[in-house]
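Shared between the two complexes below is chain A, which pairs with chain B and chain C, respectively.
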Partner chain A sequence: MARVFYDEMYDANGHCRPHYQEFARWLADTPPELLAQRRREADLLFHRAGITFTLYGDEQGTERLIPFDTIPRSIPASEWRIVERGCIQRVKALNMFLADLYHDQRILKAGIIPPEQVLANEQYQLAMQGLDLHRDIYSHISGVDLVRDGDGTYYVLEDNLRTPSGVSYMLEDRKMMMRLFPELFAVQRIAPIDHYPNLLLDTLRSSSPLDNPSVVVLTPGRFNSAYFEHAFLAREMGVELVEGADLFVRDDRVYMRTTAGPRQVDVIYRRLDDAFLDPLAFNPDSMLGVPGLLAAYRSGNVVLANAIGTGVADDKSVYPFVTDMVRFYLDEEPILKNVPTWQCRKPEELSHVLANLPELVVKETQGSGGYGMLVGPAASAAEIEAFRTRLKARPEAYIAQPTLCLSTCPTFVETGIAPRHIDLRPFVLSGRETRLVPGGLTRVALREGSLVVNSSQGGGTKDTWIVED
Partner chain B sequence: MLSRTASDLYWMSRYLERAENLARMLDVSYSLSLMPQDGRGDGLDELAMPLLITGTLDDYLNRHGELHAERMLNFFALDADNPASIYSCLAAARSNAHAVRGRITADMWENINASWLEMRGIAEQGLGRYGISRFCEWVKERSHLFRGATFGTIMRGEAYRFIRLGTFIERADNTLRLLDARYEMLGEEADAVSDTSARGYYQWSALLRALSSFEAFTEIYRGSPRTRKVTELLLLRPDVPRSLRACVDELNLMLGGLPGDNGRPAQRLAAELEARLRYTGIDEVLGEGLHTWLTDFILLVRQLASAIHSSYLEAA
Partner chain C sequence: MRLSIRHDTTYHYDDQVRASIQYLRLTPQESERQHVISWQLDLPRPARAQRDPYGNILHVLTLDEPHESIVIGARGQVDIDEHQDAEHDRQSALPFLRFTRLTQPDEALREFAASQCKERRDRSALTDLMQALNARITYQPGTTQVESTAAEAFAGGVGVCQDHAHAFLACVRSLGVPARYVSGYLYTESSTHLSSHAWAEAWLGDAWYSFDVTNCLTRPERHLKLAVGLDYLDACPVRGMRRGGGGEQMHARVLVSPLMQVQQQ
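Moving on, here comes the complex of A and B:
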């Protein structure tokens, strides 16, 4: 199959693109032994600092390193400004959609989204209906996953509005690159990103009507796969990292247990799913949450970031409507494109999907982390047949998309430097204003030909540069 | 500071201090077991001492049935199923540190993490190949290093105070127990008018060495160790860092510097204990009966530990 991939560094004729030229010159001048030695140094530093993640399903709960690739993913600033505007536009529309959905539901009444698509969705939270949030913001921290097709066009693959993770790797990758290769930062202007924790704290503080709210990060605990990131962000922001048991609710107010007695908490940056937040309101078996939290939240005495019930807007069955949301709420044309999507719940679209499985990517509408998906071109005939059975049994649980070519970027692999597929996750912060630091997390699929970039599936990361052109 | 954070810091240093104390205990018992013995002469009673002191002898007997040198050593040092083994203490210390790694310095975290990784390597090799004395030295050295990294890098705030509290509660308890056990081991000989027997000499000097106080003893008292002098040194001297008095002084100092009113019960108790030691002479202690006095004080230290718990570590 002759597929055309867009390579971030080289054009179709094999010429280096302008924004990579400084890097290419440096790469040609640097002895391979030195590069290899720096890569080993990076591994050692990541290990010593314990920048790790835990893999679910691994009996030993081993802490693993996410592979870090030293060849950066570079984007010209002029191109980035378009992506940035597109992300801001999209997240604004999504926040307006959530505010509308949990109040007047104008978009349903206008017939733009079929009501059953959202109201019957598991992620729709009745408890949020009619509740007013400060600044009408639901998703304070959003991760927008972008990929590029064969001609270089950016597409939004999915929106992450619950508890998007990965920002700590974005920051640590940059620190590591600056430490290993400072000379690269001297010869060109690469936009800084280190102020992200500062912006995050500002966003969290502005989510509360109070002047000087007390902010905490709520983690499920040290056995969670992203615990490193929770601890990292709390430390960088200088706020407490709390677990459910550190908090309690009295008279609809949330307090944390401190050595100097109870102290009231105003904003909770929670890295815990809705279902685990409050055993009285949601999953009664949850040991991770805080009994009474929902009541305190509904009384307006505490802010949760992100709000409860944002999952209904990043659900893959709602995804096809996001471009319509942009038009409906902002009266603007969407800057970023959606990947064309077949909704398997519709019989005519299902039959198209079933007939073309080997060419398509099929995903669970509520899945994440690259689990439970089929990549048609990479699957065996047996895998496709097994998936066909599951698809027929519960068509409403799946969507399908054409297999995107996904751009490639040169990457260090065992045999030297070779192109590997990448994506991009910028982190959008919504508070007093909607903004993001330049760039995001670039994930790379290290296996040859693989299109799955998730760290749980053997993906690595790269530093992401926005280079002034 | 979050109560849970304070609790993790406190237990991190308690477990590390405990690991160090266990290694000290093991070291002295192992070297004494190699000496010519009274009674059975196989040194097994001596090797069982650390198990007796830590209250794990029954657990050992249930599992292994009889006193057996190699098994006892392994049970005490490396057995992951024995929650009181040196191995388990280091595991617990590292786990507590992991939970608060945002609150300790990178130097401290990397140090304790490296200790744990090396501990696992030693456990794989086994004590026989690594060497018992070498192992005890290693544990002490890692504990010294961590304390040094802590002292040299952490801000003098609440975190520092809770770390110090953990260390000195554990150390006070340990000094009391070790002294009690050695005193009991000597039996009537300890109270004899002329306790100059070779056995007495070895017992007391082994204890002094286990508590790194042998040099202090020779400098202050000269001559061979006797019950009265050893006891005075280990209980009442403020300038010997592992003495009871030094531990209680430090506890009192640390508690006094903590903010808030909810710690009053713990602060009061620490101040009382400090005053009591300051104004007690060794004749009073021996007059009351050393064993009785020690037993009372072990209880008081335990009361102080639980006052710290209820005031700070599980505060609501």
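Moving on, here comes the complex of A and C:
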């Protein structure tokens, strides 16, 4: 089957798109040996900075460098403004959905989402029922995963409203590009992103009703795959990085142990899943959380960012309803499209999926990180049959989507420069206002033909440019 | 029936505990079935009452002075309305359809539930299920642990009220009926069963109905409810953590006795 891919740099006739012309000129003028040398330099610098990623499912817990590609992913500013508005619109609707779901449940009463779909969902947290949050914000930090189909249309692949990661790579990739190729930033206007930590801190502060709240970053610890990012963001914001054991609860307030005695904590940017937050309320085996945290939270004495229970809104079984949420809460047409989705829990949709497995992408509703997913066109007959068995056994645990022709971007590979598939994760910050820094994290599937960009599956990253046009 | 409760829990530690925190669900609340005449907690330090995610009354006791023992006392009097056997609720029961680690049904539990109830999902079907589970899992203290799952107790064929409740929840939820764990007190003339008790409630369209697998009772006439949850972990009277202390011995003493009703003139 011939597939038409949208290439970010070259149009269908092989002509360089206008927003890539400065870069193309520079690339043609720069000797290949110099580029190769700079790439080696980048690897060395990343290693030295300790920007690594721990691979799950690897017994040795190997720390791996996420490959960095020096050819940027570039987006014209006029196009970005639409994407930006679309992300803001979507995240606003998702936050309104969460506030509604944990209060009046108007959207369920209106018959737009079947109640059992969300209320019986494991991610729906009774702990949030009726709890009022400052500014009604649940997902303070959201990562919206976008891909482009064959004609260049942007689609939202998923919303990440729990503890989305990757923003440190976005920031480090930019620093690296500016260090290796400062000349590129002199010849054109590329929107800066280095104010992200300031915006993040401002967002976290504004999540508390207090004037000058104290903020900490809560990490599961150094064995977590994103530990580097937790440490990075704490340092960039100038706040403490803590583990569960550094915090304690007394009389429904959260304190941090310091050499100068206990200090009250008002906002916790937690990079720990709901189930691990409080061993007295959730998973009792969790050594990572803070006993008593839930009671303190429900007493309104500490803010968690993101809130507990956001997972019900980014669950893949709820994803098909997000465009309806935009219409319902904002009375607007969605700017960004959803990928058409078959819900395998519905018998008629399941039979369609089973009949078309070789063409579809099948995902677990609870899964993330590209584990437990089938990419039909890239799978062997045996893999497809194995998935068919799993689907039949637990249809409600899966959704299926058409295989999108993810856009490509020229990328350095062993044989030179070749197109590789990419996605984009902008990070949306919700506080006093909803905003984002221009661009986001571009992930690239380095294996030829691969559509899976997750770093755990051999993906790399690129700097993302928003170029004034 | 008016019940008088006295419940003392004492923890003794081998070494000094540097700090501890307990979630206490030891306070009954008013409902269609029970009226609280008086209730008080005796705690080593004052703790403010709040609602937990399930609407239970929760006290969080934090102790950060070194201690070698903790004594938690609860006492009071509660009227139980024997004529009310259902409890209404404004919140949706759907969240109580989900499984937890302790209530995850395995194939055996699913098949057991299906074979007992077939297509029926009414009170009589669940009553049959309750009786069948009572026959299948023999009440025998000391055979299971607090961490034992429904599937383990079912496979072993022995357990206590907690296991009975978990097995019932696993079965009922596998049938698509919302169900929840109840912790509380039971008055029995014979004291073969502990007076601290656990049973289950299932949502049958309009209200929560009780199913006490251990005693094969569907009318909670002598049951005083303390807390509800998805399983034992959500509803148990005391759940705590501590730093230091080494080994621990826990003694719980519960006295549940009926009071003569004062004749209302």
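In this text, the second predicted complex is superposed on the first by the 469 of 469 C-alpha atoms of A that agree within 3 Å, B and C clash if a C-alpha of one lies under 4 Å from a C-alpha of the other, contacts with A are read in each partner's own complex, and residues count from 1 in each chain.
In this section, contacts are C-beta pairs under 8 Å (C-beta built on N, C-alpha and C of every residue); 3 or more make two chains touch, one makes a residue touch a chain.
As the structure is a prediction and not an experimental result, all values here were calculated from the model.
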Query raised in the report: Overlaying the two complexes on chain A, which is it for chain B and chain C: clash or fit?
Result: fit
Query raised in the report: Once the shared chain is lined up, is A:Arg38 touching chain B (first), chain C (second), both, or neither of them?
Result: neither
Report task. Check whether A:Gly292 is in contact with chain B, with chain C, with both or with neither, and answer first, second, both or neither. Result -> second
Report task. Report for A:Ala281: first if it touches chain B alone, second if chain C alone, otherwise both or neither. Result -> second
Query raised in the report: Taking the superposition as given, does A:Met256 touch the first partner, chain B, the second, chain C, both, or neither?
Result: first
Requested in this report: Mind working out whether A:Phe248 is in touch with chain B, chain C, both or neither, as first, second, both or neither?
Outcome: both
Query raised in the report: Just chain B (first), just chain C (second), both, or neither: which does A:Glu116 touch?
Result: second
Query raised in the report: What is the angle, as a multiple of 10 degrees, that the CA centres of chain B and chain C span when seen from the CA centre of chain A?
Result: 80
Query raised in the report: Taking the superposition as given, does A:Arg235 touch the first partner, chain B, the second, chain C, both, or neither?
Result: first
Query raised in the report: Regarding the shared-chain residue A:Arg17, is it in contact with chain B (first), chain C (second), both, or neither?
Result: neither
Query raised in the report: In the superposed arrangement, which partner chain does A:Leu126 touch: chain B (first), chain C (second), both, or neither?
Result: second
Report task. Check whether chain B or chain C contacts more residues of chain A in the superposed model. Result -> C
Report summary line: Smallest inter-chain Cα gap (chain B/chain C, superposed on A) in whole Å equals 8
**Report entry** Residues on chain A lying within both footprints (that of chain B and that of chain C)
**Finding:** 248
Query raised in the report: Once bound in the complex, which stretches of chain C touch chain A?
Result: 19, 21, 23, 47-48, 50-54, 58, 60, 62, 64, 91-92, 94-95, 97-98, 233, 239-241
Report summary line: The residues of chain A that touch chain C in their complex are 105, 115-116, 119-122, 124-129, 248-252, 279-281, 284, 291-292, 294-295, 298-299
Query raised in the report: Quick one: in the complex, what on chain B touches chain A?
Result: 1-6, 98-99, 101-102, 106, 109-110, 113, 158, 162, 258-260, 262-263, 312-316
Query raised in the report: Where on chain A is chain B touching in the complex?
Result: 48-50, 222, 231-232, 234-235, 240-243, 245-246, 248, 256-262
